[in-house]
Amino acid sequence: MSIKENEEFRPKIVAFCCNWCSYAGADLAGSSRLGYPADVKIIRVPCSCRVNPMFILRAFEKGADGVIICGCHPGDCHYSTGNYYARRRMTLLFSLLDYVGVEKGRTRVEWVSAAEGVKFSATMNEFVEKIRSLGKNVRLEDLRCRN
Amino acid sequence: MKYSYYSGCTLRTKAKSLDVYARASAKALGFELEEIENWQCCGGVYPLGSDEIATKLSSVRALNEAKQKGQELVTMCSACHHVIKRVNDDMKNVDDIRTRANNYMQLDEPYAGETTVLHFLEVLRDRVGFDKIKEKVVNPLTGKKIGAYYGCLLLRPSNIMAFDNAENPTIMEDFIRALGAEPVIYPYRNECCGGHISLKEKERAASMCNEIVKSASGFGADMLITACPLCMYNLNKNSAGDLPVYYITELLAEALGVKEEVAK
Amino acid sequence: MQRIGVFVCHCGSNIAATVDVKKVVELIKLEPGVVHAEDYQYMCSEAGQEKIAVAIREKGLTGIVVCSCSPRMHEATFRKAAEKAGINPYMVEIANIREQCSWIHKDMEEATKKAVILARAAVAKVNLNAPLKPGESLVTKRALVIGGGIAGIQTALDIADAGYEVDIVEKTPSIGGRMSQLDKTFPTLDCSACILTPKMVDAAAHEKINIYTYSEVEKVSGFVGDFTVDIRKKARYVDMDKCTGCGVCQEKCPSKKAPSEFNRGLNKRSAIYTPFAQAIPNVPVIDADYCVKLKTGKCGLCEKVCQAGAIDYTQKDEIITQKYGAIVVATGFDVIKLDKYDEYAYSQSKDVITSLELERIMNAAGPTKGHLERLSDGKAPKNIVFIQCVGSRCSDNRGKSYCSKICCMYTAKHAMLIRDKYPDVNVTVFYIDVRTPGKNFDEFYRRAVEEYGVNYIKGQVGKVLPQPDGQLLVQGVDLIDNKQIKMEADMVVLAAAIEPESSVRKIATMLTASIDTNNFLTEAHPKLRPVESPTAGVFLSGVCQGPKDIPETVAQAGAAAVKVVGLLAKDKLLTNPCTAKPDELLCNGCSTCANVCPYGAISYEDKLINDHGIRETRRVASVNSALCQGCGACTVACPSGCMDLQGFSNRQIIAEVDAICR
Amino acid sequence: METAAKQADLIREISGVNPYKCMKCGKCSASCPSYNEMDIKPHQFVSYVLHEDIESLVNSKSIWKCLSCFACVERCPRDVKPGKLIDAARQLVVRQKGQDFLLADEIPELLDPDIPQQLLVSAFRKYKR
């Protein structure tokens, strides 16, 4: 891949945000005008524990280059323990994905509270930067899905 | 227990006693200071500039040698400790400095801050333990009222030096107590002695040192102790000389009963 | 197939300035299921909502997508509008193209592209939405207030006056809180006790208010309208019904070495004690750590002198379980520990004190009986230095990043009171900024300078150096004169930052109320819902939500009370219909879902199942939708994939993923 | 001579300091043992860098008066650490040839028999390239 192509590479990034903390944190980043690249698209879920590993596999299958899951800080889950489930499930899933060739940098779990607009924006900037450096994801993608 | 030991230039010359008493005391306390080979001068002041690499390399060499031996690196002089500890922190936490320093060094395996840097006092506190030292004291310095002089370099910046509470330290006071003497706490113990300015501006160093000595004796100290040859020089040369100043290791050797041995 | 209408909001220029709304309309029309799309200046306005209603009627819409601000702002608005126009409110989805698009992107082309993708995702989801019907739950007409300071007292009084039962849980032996420790209050110099004590008495006397002092909340379960709370009533060792409050036990108690919490540890109290003279209830407690009888079995003097026979060394902690419809957090604050600010010599010198300690010294019931004197030698000070912002506005790792808000004013108060009572004492204040936004606040501060001759110096203090003669050498800077200053003082007073009371984190976790990095409780919306927690049924009162002075605290306490009353006035609440739902055909009865459910909402029943003509009795999961809160943990845990979450179903989320990755 | 803006950038880069974080409390100047010797005070260093007046900084005597005692670094509540700015300004000077504050010729008369090596080494580092 040439440098020029690399510059133009706009990754597809799916962010799952829990309704109580991270989605509110994203809203706060927005109302505070703390920017991050348009490559990130947020899907609202009630809790990070609602994120089924299937959704992440599906995203990669459909051509996503990175997936990030954001939830409440440990101990602060609106449903008490949901983020712990998410953490355990994702640890397992991410090492499996790494094994099949989806690098660890393409997946991430981050805790962002409703008050952490700054952190949300910083995290997304960092994550997009990371995905850009990793380039296009070629594993798991269902080529029949390509336009 | 063996430690890698970085004595530094002054301890081989003007501050020989700081060094020899340290080695003798270490022996008495059951650990050994194994001087690293071919050490080079640390430069005396930590190069603050984020783009200064060459001036940090002598510290990296010493740190890497300790790493090779799998030992902790012990320093004695406050300046050496300050420089080496901060360079080690850079190598551990600052990507740019680490990469560039390793590019210069061309080591078999890059150095990334693996070595633990300990000041001699930290060895006494955290590895030997002041309680243990207390047990080993044969000539307790009973009745002596000692003011600890910390100076700047051991304590600040505290987030990197992590030596003690920078504004209200206790390590030297605990050390003094372990030797059977009474520590005198005075607010100038972490004020600057003037450092390198005593070369060109003697009067300023003098006024700073006099403040320190005045405060310590005002609170009842009859002597001061220090770990730094430059502080020693400034306090001796540039103060009215009201209080005698000793190296920490000399008092330690005396209390442990090994001072006479060294003198021979 | 749904018939979907898409409504793109300009939000004035908030969206339209960065997103080409016409283009969004044009492109979204091409999506499957979309039969109508239009844009409008303000979709949330009445005219905007009317547009939705008209489109529903005229185009027979079955689903709605509104591309606008965050669903946290207006989802409820648009759902109501849809319902009024005759379709199920849960057929509405929001594409957040303001907070998550127009406000964070600058490039119009890029923002428009993203807005279209977000709209497509919402359309894809609505295509799979199904009408949902909320259930109903009953409201317990009783409120719990955690914390018995001025915030808690005021909230409880206002709720009780509206006719509802309120319980106050206070962890110390008396209500009153921080305000009871203050001597005078700004900006009128009222005596704090004089204005607080009547309120304490009112609360204690109110027939609808029940006060649990020396008690702590131990466990919370349930949800809005129906919380169940365990309260630990700590052993007081004094029978509250028998005690007459005569105080003889406290006089006779031989153990008088416990540091007085009320006087900030500046003097000692007896092992059996009431924190202060006006304590409510006026019933002492025995401090087990200091009581000779409880520690060694000997003594028992208090029992002997108590004529009422109220002492009971065998008392045990008691757990009270109570149901509440609403909970108010009013846990208040404490001043930070100063161990990271030793340059000010707080731990080295007794004459370096915090402002709250000065408050006790100035108070007639304090350790010096209200005489201004040095704690080291009891001498009257001639020079006092105040240092502002100790631990506030610090972005290093030592202090707090926020402004503590109250210090500028209380320091002006202290300076003025000292100059008033002791005109020969010199008072110097080192400040960074003097912040006095409040009614009559700046006038108050200016009085300190202009009428009372308080010496305000713009600059900070670097170090306080105790001298051998007991004086304190203060080394600071005057940034206006551009001079370093070394001045001697007899006393130094530190305006230490305030922080939320340490127990608040535990309480927030029990309530699943969110908390920020500084341990302040988060409000549901920083501007529009400042007294509600994002957790339904939990409300915020006082400093637990952010630094506040007394008038602001009282105002917020009243506001929280109104919200509680509004909730308790309802007989029934609608429950969230986005609950888990098993597909009984797929369920194999393994119990995995029940094990991960934090609410115990899943049970199992033996049920006759018709599986493609085969009729058999199977053990299948059953969700109690009144208990289910809709987190979705079970949906992922289910190995057979039978459990799904209504409103956030697997198919819906996958449709969103697909739309985004398309 | 580069432009003022470039030099200000250079100082920011060498020092690693973000002068925008300063809230102008003056705690650095309140802590500085060399305050009275300095023509430009520690807190002013921050605003001089902000206003890109590097010319004044490199010509000030303050850069030779700082003791590197790190009191300002330790106590700065905003993580600005003006001592690093002062050292960076000094670096800008000593990195240019012939700008040494200490001349070889003047050394002999400054020496005395008790001077520790450490003092000479430190002084060389601080005063010379």
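Going by the order they are written in, the chains are A, B, C and D; count residues from 1 in each one.
Note that in this section contacts are C-beta pairs under 8 Å (C-beta built on N, C-alpha and C of every residue); 3 or more make two chains touch, one makes a residue touch a chain.
All of these numbers come straight from a predicted model, not from anything done at the bench.
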Most centrally placed chain - per-chain CA mean versus overall CA mean: C
Distance between chain centroids, defined by C-alpha means - chain B, chain C (Å): 48
Separation of mean Cα positions, chain C and chain A [Å, integer]: 30
Inter-chain centre distance, chain A versus chain D - centres from mean C-alpha coordinates, in Å: 45
Chain centre separation (chain B, chain D; CA means) in Å: 25
Multi-chain contact residues (two or more partners), chain A: none
Per-residue overlap in chain D, given as positions that touch at least 2 other chains: 71
In chain C, residues with contacts to at least two other chains: 343, 463
Chain pairs that touch, as defined at the top of this document: A-C, B-C, B-D, C-D
Chain C - residues contacting chain B, complex: 339, 341-343, 345, 347-348, 397, 463-468, 473
Touch list for chain D against partner chain B, complex: 13-16, 33, 37, 65, 67-71, 73-74, 81, 83-84, 87-88, 91, 102, 110, 112, 114-127
Chain B residues touching chain C - in the complex, by the definition given at the top: 159, 165-168, 185-188, 215, 218-220
Interfacial residue positions of chain C with respect to chain A in the complex: 70-72, 96, 98-101, 103-107, 110-111, 113-114, 117-118, 121, 505, 508-509, 512, 514-517, 522, 534-535, 578, 596, 598, 629-633, 635-637, 645, 648, 650, 653-654, 656-658, 660-662
Residue numbers on chain B that touch chain D, as the complex places them: 8-10, 13-15, 41, 43-52, 55, 77, 79, 152, 155-158, 166-167, 191-192, 194-200, 204, 208, 228-230, 232-233, 236-237
